[in-house]
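By letter and in written order, the chains are A, B and C; residue numbering begins at 1 in each of them.
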Amino acid sequence: MPAAAPRPTPDRHRRRRALAIATGLALLVALVNVVFGGGLAAAQEDEADISSDALLERGAQIYGAQCALCHGEAGRGLPVDGPDGGPPLIGVGPASVDFMIRTGRMPLDNANERLSHRPQQMTDEDRRAIVAYVTSLAPGEGPGIPDIEGWQQADLSRGLHQFTTHCAACHGPTAAGVAVGQRDVSSNLEVSTPLEIAEAVRSGPGVMPAFNEEIVPQQDLEAIVAWVMDLRERESPGGLAIGRSGPVSEGFIAWVLGLGLLMIVMYLLGEKADEEVDDHGGE
Amino acid sequence: MAASDRRPPRTPAGGRTKADQWREQRKREDRAARWAAVSFLVAIVASLALFVVYISGGQAQLEGLTLFIAFGAVGVGLAIWVRVIVGPEEIVEDRYPMRSEDADRDAFEELYQSTMGEVTVGGRRRFLLRLLTGAGLSLGLALLIPIRSLGPGPRNELFRTEWGEGVRVVDEEGEPLRPEDISPDQVVTVFPEGATGSADSQAVLVGLRKDVPTDLRQPTVEGIVVYSKICTHAGCPVGLYRAAVGELLCPCHQSTFGVYDGAEVLSGPAGRPLPQLPIEVDREGYLVAISDFRVPVGPSFWNLTRGDGA
Amino acid sequence: MSTTDESRRQSPLDDVARWLDDRLRLAEGTQRYWRKAFPAHWSFLIGEVALFSLVVLLFTGTFLAFFYVPDTRLVVYDGPYVPLQGQEISAAFDSTLRLSFEVRGGLVMRQIHHWAALVFVAAITVHMLRVFFTGAFRRPRELNWVVGVILLLLAFGAGFTGYSLPDDLLSGTGLRIGYSVLLGIPFVGPLIGFIALGGEYPGTDVLGRLHILHVMLLPAGLIGLVGAHLAILVRQKHTQKPSKKATNTNVVGEPLFPNQTLTSLALFAFTIAVLAMLGGLFEINPVWLYGPYEPFQVFAPAQPDWYMGWLEGLLRLWPNWEFTILGLTIPSTLLPGVILPGLIFTVVGAWPWIDARWITKDHEEHHLLQRPRDVPVRTGIGVGGFVFLLSIFIAGGNDVLASNTATGLQTISAILRVGTIVVPLLIGWIAYRIAKGLKENEAAAARATRSEPASGAQQ
């Protein structure tokens, strides 16, 4: 969802791998579901714990150690054009902070590093603490962590339509991501969890625009999540879809496998140059 | 026409007799014939398998695969047949220059002159021929007329959209929008009320950040700007919004437009900015257009700056 | 012969042949062509693959035409594909989905058709390159070269109209660009655009018109011109590589029957096999993922089929030069979208005359092929031109390239803008030097072998 280059994983081929990998994937999906369930629980916990002083204190501590260098004292930010400059965090809302840490984009080791999807760089507990702390700097401002419990019941048809209206322009019809500017590549949503997708929609990380309740109501948000998750698991009835990157990969296959194979056939069927005496020069 | 000559047999190697060679040749052909036969059998089996796949409900991959095997096997069989069993054969055919013999040309020219004479000789005949030519040309012109029926000529369609004074700004669902619905960095496709989905009236509404200075060409509501969504280059919807830098990007040919600078072209092949829709808030608090776009939307055309004459 | 006469008379096929000959006087003509000589070098088979792909296109296309509905009227989708159920889509898109998910064998037919189109144009391209670099277009074959170029244009047209038919989001985007380029033609652009669509974009008649073009006019043109292409070929006989036997006044090759017939049949079978393999195993144009066309929706990356890539690339690379002179606006699409492609096709079409007039200065009749080194200037220009087309083709996928190489989008475009001019000149010049060097070396070697015996005799 958020624009981040380089691409999280170079792996763009998805459908139909060897059976073993497929099984592995299925397990992974199951795992993701479990984690996701946990994520939801965590999200709810967050709201319950937000006022807890211990959590806030812990958040302030970690913030001071890991975030303040760039984002400044109490989330006030440092000039972005200076060294180690980071944007202010006051009022960005819980969704944004949670997304950034959850997807491993933050914390960065140094400010020049580009944001990329990584495993979470801290414990869930620490993440909750930071979210609580940053939220406390401007309570009630910015998008909260969305609750998308209902996504599995959401209308796929609505999801496809809403995805095409709001998301496909940057992420592509198959959510595979593409270059959307000089420094930015829209994320491949292959590795995103439902909660991460929803958080990104609401908070608009990186160069991505944000979509509030008025533009993308809760029901549509769940539908979009449902479609992205469905897209990922959806079989390709047409066969192997290498990269699903449309006419580019199709043209490549047509030349290499189509005409390429036929050229080999032609070469075997016809007469080769070495079969006859070469005798030029009369021209 | 063709003097056919089979390729000369290779010189017998190391003491083998003609009979040996002949037997070897036979053996090779037998082997090839067996392989060709196997290929054709495979083709038969694959074709039958295709039948089964089809009758039992069909499955695209299996259909493709059986077709591939069937035709591939036929190809292999035929290839063995022609390359091994029939074997290479070389014939030489004569070729003549493409130009006709002089005598033929002369004869035809004479024939032409004498027969054309029957049509053209004499003033009246020549006159008739000219009129016939004229009739042919006029008819040809007349037959072009139906092409004109294919579509109406452009009147002012390219200069007008469904937007106009007091027309509400609605989203894709037809819901009117209020300024407070839009927060910074929001982007939403909007239409004039009553023309949701309209191709030439589609516009993109962007929520502006408070702290970024703007340089806009048309009056607008604070924190909001609306541009035509049709790229001024080749007409694709300018669907990508890079909120952090305030750039709209067209996914077709990558023209970028600066949202805070009146959609000025920042890079890419587009020749002019996206037209901005002048907007205000009506008495009930909804966003409305002050007027239609003040310049034509979409890709440029020759009389773009001349106006529609209305 | 006489020994088998008795048994032959028994065959019913013989009776048919005799019946036909009684009425059509066939024996004489058939006899003449039964043993026609076909040069057997493998590169002569490339054109046949194009022909066979066309046959596959006609057969699969006929099947598809039985189901396709060229209508933009909205219907509610109620087929088996869940993510579109209940959506209002055009009858055209609905029929495409029905073909893909409900008609038995429909998906594989649709995919074979689309793959065949891609391979068809690819085969034409390679065939054309062979003819170009071996000088096979020289007198007396200028006319057939022109017919070939028109065939290529028709193939482009058939491809474009074809992938516009499903009325999915990608096809609509292509149509929008095509209309916009038409609109930009000075004075008549808007009129042409309106006539093409039956009104302002998106019009209501466009699918019906594209359909008639795609299933009737363009195929008729293709079939007719392929017929002319082959008739001229038979009339003029094949070119051939020069050898001890093969001269300018003969044709050396395999006879039409049995060798060439069996070879062609085998190649036909292989062509179908490869296209069926692609159609069955590789997904192409999954319109159900793209969704129906809505004028305000779009997605990136949006590429046309490969053979349109060079046109797309020109549009992407061209600078945003747009002028208004005396009230006449010249849109930035006019040069890359109309004039430059027109110019390229004119030069390609007129190449036999350009070649004879300025490069070889040779207006004689030729039936022997040249090697690229024999005419270094032509080879240089050809390689340069091909590299130019290749680089604007690559530019057509600049966004995909940028994301796959982790290079900036604008950086890629800037590199390609310069590269498109510099690289073809450079590589063309290198090709020219190599060809010239090879030619000179050969000439020197030939002089050496000729003078050796002479000097030996003097001593």
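Keep this in mind: a residue touches a chain if its C-beta (ideal position, glycine included) is under 8 Å from a C-beta of that chain, and two chains touch if they have at least 3 such contacts.
A quick note: this is a predicted structure, and the numbers were derived from the prediction, not measured.
Novice: Relative to subunit B, which chain has the most distant C-alpha mean position?
Specialist: A
Novice: Once you count every C-beta pair in contact for both, which comes out on top, A-B or B-C?
Specialist: B-C
Novice: Quick check for you: compute each chain's CA centroid and the global CA centroid, then name the chain with the smallest gap between them.
Specialist: B
Novice: So the centre of each chain is just the mean of its C-alpha atoms; given that, what is the distance between subunit A and subunit C in Å?
Specialist: 39
Novice: So, what's the distance in Å between the C-alpha centres of subunit B and subunit A?
Specialist: 32
Novice: Which integer distance in Å separates the CA centroid of subunit B from that of subunit C?
Specialist: About 13 Å separates the centre of subunit B from that of subunit C.
Novice: Mind pulling the subunit C residues that touch 2 or more other chains?
Specialist: Residues 40, 107, 111, 263, 266-267, 270, 274, 277-278, 280-281, 294, 296-302, 398-399, 409-410 of subunit C touch two or more partner chains.
Novice: Got the subunit B residues that touch at least 2 other chains?
Specialist: In subunit B, residues 60-61, 64, 75, 79, 82, 88, 172, 189, 237, 239-240, 251 touch at least two other chains, as defined above.
Novice: Which residue numbers or ranges of subunit A touch two or more of the other chains?
Specialist: Correct list: 165, 168-170, 180-181, 237-239, 265, 268-269, 271.
Novice: Considering only the defined contacts, which subunit A positions touch subunit B in the complex?
Specialist: 3, 165, 168-170, 180-181, 184, 204, 206-212, 214-215, 237-239, 265, 268-269, 271
Novice: Can you name the residues of subunit A that touch subunit C in the complex?
Specialist: Those residues of subunit A that touch subunit C are 5-7, 156-157, 159-161, 164-165, 168-170, 172-174, 177-183, 185-186, 227, 230-231, 234, 236-242, 244-248, 250-251, 253-255, 257-259, 261-263, 265-273, 276-283.
Novice: Where on subunit C is subunit B touching in the complex?
Specialist: Answer in residue numbers: 32, 35-37, 40, 104-105, 107-108, 111-112, 140, 173, 176-177, 179-181, 183-187, 189-191, 193-203, 205, 209, 236-237, 245, 248-255, 258-259, 262-263, 265-270, 272-274, 276-281, 294-302, 312, 315-322, 324, 327-333, 336-337, 365, 367, 398-399, 409-410, 413.
Novice: Show which residues of subunit C lie in contact with subunit A when the two form their complex.
Specialist: Subunit C reaches subunit A through residues 40-46, 49, 82-87, 100-101, 107, 111, 114-115, 118-119, 122-123, 126, 169-170, 241-244, 247, 263, 266-267, 270-271, 274-275, 277-278, 280-286, 289-291, 294, 296-306, 309, 368, 370-371, 374, 397-400, 402-403, 406, 408-411, 442, 446.
Novice: Which residues, counting only subunit B, touch subunit C once they are in their complex?
Specialist: Residue list for subunit B touching subunit C: 1-2, 4, 54, 57-58, 60-65, 67-72, 74-76, 78-79, 81-82, 86, 88-99, 147-148, 150-154, 157-158, 172, 189, 191, 197-200, 202, 229, 233-237, 239-240, 251-255, 265, 267-272, 298-306.
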